[in-house]
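Chains here go by letter, A, B and C, matching the order in which they are written, and residues are numbered from 1 within each.
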């Protein structure tokens, strides 16, 4: 059995948003006991990650780490048409990936206790982002 | 339904090659309406990424970023038997991954408008690279 | 057909462990000729990678590279409750990912000659880590 749904999120500019609940709801409605949940973001300047979900400091530390690793306005970059955060957003997305899969066990998302699913917006301005959720199993 | 095919690419040394069309062709021939396309590169010094497909400057910027992050000939590395690009190629592949999945929707690859599939050769010399494409769905 | 099994590994603190054989055994027992093997680690401070499996120097170089990229005790990080390796372990896991998929071909894991599956413990102390293996195909 395969089920597919596309979610839309309005981001508030650079930062991480917890989308675990939205994904869980789709799994709860489906009648799949054992399988996989595959997530995909249809963009090149936002990504999907699993991150510690208890202490918000983890996400602010992560954001600062990435800002240092791939700095906005880096003179290394020529692709600056859309601004100083344009090329860094592409690099950040490639380093943190646009696809993500995890198992479904006993009809539930089998995430670890501290694993939350986050949409990571890498552009400084707000954007509308589409995420497809594909479930398969039996 | 599961379909599998292995493609072979001859790279021209370090750099990215757009392989979207080759993957799309396999999906077009298959009779899968809703599902997943999983790509896998059977090597440890080349990777598969989704990257902006409109401005070639994005790929040259990306290459320069990676060359700075994981420099060839870094004295940190002891694994240099095959040359100064050997260990950097392994690190680059691990950071950008050898597997990649995206949804099939209405019989077509559901990539975002600006998402292209790229094989990223990390060795400086040309290599023959095998990429397996597995489609599943219904 | 979908098959799922969860493996448990006791790590000896920071470093990579080859878990290819444990995963292969599950594939050998299953009756799937063509499909996908999906691996998932249910934690936020350990990851799953494919790495060169012949020369141990590759893994020690990789460890040194990551220690330089995401240094323990970096003053950038505020999330230090569990120690100087706490936040670096989260960043390392996000950069190297908690999910991994590869094809099954002719009933066997279709890894490249030099590809081994490694569990990468990012905490300095030993931990018990759970990895789920989901096989699907026909």
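By our rule, contacts are C-beta pairs under 8 Å (C-beta built on N, C-alpha and C of every residue); 3 or more make two chains touch, one makes a residue touch a chain.
All values derive from a computational prediction rather than experimental measurement.
Enquirer: For the homomeric pair chain A and chain C, should the interface be classed as same or different, according to whether the shared residue numbers exceed half of all numbers used?
Expert: Chain A and chain C contact each other through largely non-matching residue numbers.
Enquirer: If you fit chain B onto chain C using only Cα atoms, how far does it have to rotate, to the nearest 5°?
Expert: When the C-alpha atoms are superposed, chain B turns by 120 degrees onto chain C.
Enquirer: Where the centres are mean C-alpha positions, what is the separation of chain A from chain C, in Å?
Expert: Going by mean C-alpha positions, chain A sits 20 Å from chain C.
Enquirer: Can you tell me which residues of chain A touch two or more of the remaining chains?
Expert: 69, 95, 97, 101, 136
Enquirer: Which part of chain C faces chain B closely enough to touch in the complex?
Expert: It is residues 34-36, 49-52, 55, 57-58, 60-62, 64-65, 68-69, 95-97, 100-103, 105, 110-115, 136-138 of chain C that touch chain B.
Enquirer: Once bound in the complex, which stretches of chain A touch chain B?
Expert: These residues of chain A touch chain B: 1-2, 4, 38, 40-45, 69-70, 76-79, 81, 87, 90-91, 94-95, 97-99, 101, 130, 132, 134, 136.
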